[in-house]
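To start, I am sharing the structure in question, which I have written as structure tokens.
Order as written gives the chain letters A, B and C; numbering starts at 1 within each chain.
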Amino acid sequence: MTGSNSFPRTVIAASAVFIASCAVALQLNDYYLYVVTIGAIFAVLAVSFDVLLGYTGYLSLAHGALYGLGAYSCAVLTANHGFGFWTALPIAGLITGAVGAIVALLSFRTRGLYFAVLTLGIGLIGHQLFLVFDEVTGGVGGFVGIPGPEQPDWLRVSPTAYSALLALGLLWVTFVAAAAFVRSKLGAACLAIREDITLARALGIRVAGARLAAFTFSAVFAGLAGALFASMSNFIAPESFTVLGTGFQLVALVVVGGMGTLWGPIVGAILLTALPEALRVAATYSLLAYGVLLLVFVIFAPKGIASLLKAALKSFRKAPRPAPDATPLRREVTS
Amino acid sequence: MMLELLPQQLANGLALGSTYALVALGLTLIFGVLLIPNFAHGEFYMLGAFVTYALVATGLNFWLAMATAVVLVVLIGWIVDRVVFQPVAAAPGHDSGGHGSGLSLMISALAGSIILQQLATIIWGTEARTIPAPMTGMVRTSLFTITYLQITIIATLAVAWTAVWLVLHRSRLGLAIRATSQNRDAALLMGISMTRVRLATFAIGAALGAVAGALLGATFPIYPSMGVNPVLKAFVVLVIGGIGSLPGAIVGGLVLGMVEVMVAGYGSSQFQDIGTFLILVAVLLIRPQGLFGRAQVER
Amino acid sequence: MSLLEIKGVEARFGGVVALAGVTLDIPEGVIFGLIGPNGAGKTTLINVVSGLVKPTAGSVTFAGEDGGPWPIARSVSRGIVRTFQQTRAFLGLTVRENLRIAAVSSPDPSCIEELVDACGLGPVLDRTAGDLPYATLRHLGIALALALKPRLLLLDEPAVGLEAAQVERLGALIRRWHASGITVLLVEHNVRFLMEMSDRVAVLDRGAVLFEGTPAECQERQEVIDVYLGRRHADAAH
């Protein structure tokens, strides 16, 4: 009883897109490579965040700080303790996942608005802690001199291109992992929680375990994304990990792209992160655009670009033959 | 230690807490009556400060500037309700449960908050500004010193609270608002106009926020993201005082203000905000529904 | 031998007494009907037995095991499964997705294919549950519960709002699964349907058991007729 696309087909499709985008990326100049890297990192954040927001139905505002935790973990491990990037990366993911699990255990004692407010508070505390513990983090001035990821000798590309390939690779891993998660029993349980938590309980769904898994999953990948970001930037500062900066952007990426699909958030990340960079829009205007787009989508297309594309595709396919049960459009928008 | 500072700390805390209470009063009213988690409430506060600032800069008297700012922010509040909240509430599937209304209202509130913040940034830039203090001088007693401005802030809270109480308990509109907060469906059945209730609730809430912003802006620097912390603190107050409880908002605001001043005075000002949010986390953990939370909050 | 023993169960919400000491034995393999006027405590009793509401006093023994009522997840794993009064399914998801969720905690997911046939869900697998006709949605709600392979199925007013022909189909469905070995506790306002379906009947009034016996005995008892006078005539005319 799986969906219409089987898991192997999804993996093959994702791999094809991954290889194609790597091939395209290698033709780009350094500036656009940087854009690709940032876009891919935000896509990693968005896809894993959607497992929590879109599939499980919980709005967390703590993920900006979790992303930061991954970044600072990697920075401290590589710059201060001499770890290599490839060791630091999984450790950063594990640390963030563990802290995320604790945050989740605390936050899931509440629901709805309180959950959002509580995670917002935790996100703000996290951001403040990056500032307060300046001996470790460098405080406002930031953490300088983070080693870049070691590059194997056989891969003869520029460091910028290497960063972009790593970011795209992490995105591929995230996508496949998320696809496996949402198809698993845990994923089905998360959907049940999102739709009707009481009925889910009555059907014997282990609610606590499933939503903890979703939160932890998103935290681990936020940590990995942060670690890669720190390593490729060589420099990080608390301003990259604010609630209203990163935390809010994530919500916007996922909602505009399409909650409850895995490719929607990637589209959202490309549209909202890479595009403003490529067009060199001032940060103020791009945040304003985020706000306006988010509002427009919440009101007119709450399931994002993904639902619009699906609806368009459906009506395109359906056009020749008469529709057997004629409610496809409304269903897309309201479900 | 340093017990002789205590009365002074209490006085400062009372003044700071009064601004928190003003913000929380508006937030709790909007949430209690309309079930809207208005993250953009902090921007009402921020705009109150900036509009006052802009008008004072043109040479207008501070109090006139504040009054004008209140009117403008009320208008903005109505626009926010019309543009940000009503369309979401009217969207198809809003009441279909599950994924439900709460999530989309929260997201649209976040969007509204960001839009107002960024508009303010475009107009005024990000650097901090100050409103020239409308009054100087202070009362000195043997125990503590309190500025006229601080006294004004505390008095404003008292006046605002009295005014809101009179509106709610001595007018027909107030009765309609209270009925709606008790049971919206029943209120609708009784022929209460939801439009009027919404307009009135947003007007009162936005006005309270704007007053708090103008007054605090005369004491502290102002900047476009200044609303974020107060609105979060107001949510803390809501949780402490009980959602929809107006006396709870006042008591909670005052308590929070005093705790913060104490933490800053006896601990470190670096930890002032962390302290607040730790209180928030602690309260929510002990009482996930808030100290006096009502079940309907979980919608 | 009794499958479910409810012993002295009390439930109070504030000052309101919903259940005032209910004791009932439900034998294995029966369809046990529970009737009573509005507010008699029928749904509360289902809530208690399924673990959704904690009783203020009393206990439940299931299949010889003491210590109940258990939290809802553990009730389900013991084989106590319920449906809801206002039929609940995951309205935003397709029927297929609904069944996939039921398969998560089902001890035998292969039974779902059979359920799809029996409940007539085959033609609507890819439709969103929220768009289904009322009667189909009701069948989906029951299919979700049956997918968990219950030993005891608690049905909370399954026939409410259905037309006569649909009630008949529902009855056939319940009988079919009952025949495969499921014990059923049926709460129902439709007295005629309940009397036809049930092997044993109990009448609940103001939180207490007023009568327990066979349907035939029940229909002869004056106090039951008193409690139900208006409603029975209304249903008979139906």
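Following the convention adopted for this analysis, a residue touches a chain if its C-beta (ideal position, glycine included) is under 8 Å from a C-beta of that chain, and two chains touch if they have at least 3 such contacts.
Each chain and its UniProt protein: A, B = ABC transporter permease; C = Branched-chain amino acid ABC transporter substrate-binding protein.
For clarity, every value in this text was computed on a predicted model and none was experimentally measured.
The greatest centre-to-centre distance from subunit C, using averaged C-alpha positions, is reached by B. Innermost chain of the displayed assembly, by C-alpha centre distance to the whole-protein C-alpha centre, is A. Centre-to-centre separation of subunit A (ABC transporter permease) and subunit C, using mean CA positions: 43 Å. Here the CA centre of subunit A (ABC transporter permease) is 32 Å from the CA centre of subunit B (ABC transporter permease). We define each chain's centre as the mean of its Cα atoms; on that basis subunit B (ABC transporter permease) and subunit C are separated by 48 Å. Contact of a single residue of subunit A (ABC transporter permease) with at least two other chains is seen at positions 195-196, 334-335. Contact of a single residue of subunit C with at least two other chains is seen at positions 90-92, 130.
Contacts with at least two other chains are made by residues 93, 96-99 of subunit B (ABC transporter permease).
Here subunit A (ABC transporter permease) touches subunit C in the complex through residues 1-3, 185, 188-189, 191-192, 195-196, 198-206, 325, 327, 331, 334-335, going by the rule given at the top. Across the interface of their complex, subunit A (ABC transporter permease) is touched by residues 31, 37, 83-84, 87-88, 91-93, 96-99, 102-104, 106-108, 110-115, 117-119, 121-122, 225, 228-229, 232, 235-236, 239, 270-271, 273-274, 277-278, 280-281, 284-285, 288-290, 297-299 of subunit B (ABC transporter permease). Listed in rising order, the residues of subunit A (ABC transporter permease) touching subunit B (ABC transporter permease) in the complex are 57, 59, 106, 109-114, 116-118, 120-122, 124-125, 128-129, 132, 194-196, 243-244, 248, 251-252, 255, 284-285, 287-288, 290-292, 294-295, 298-299, 302, 330, 333-335. The touching residues of subunit C, when paired with subunit A (ABC transporter permease) in their complex, are 50, 52, 72-73, 76-77, 81-82, 84, 88-93, 96-97, 99-105, 109, 112, 127-128, 130-131, 144-145, 148.
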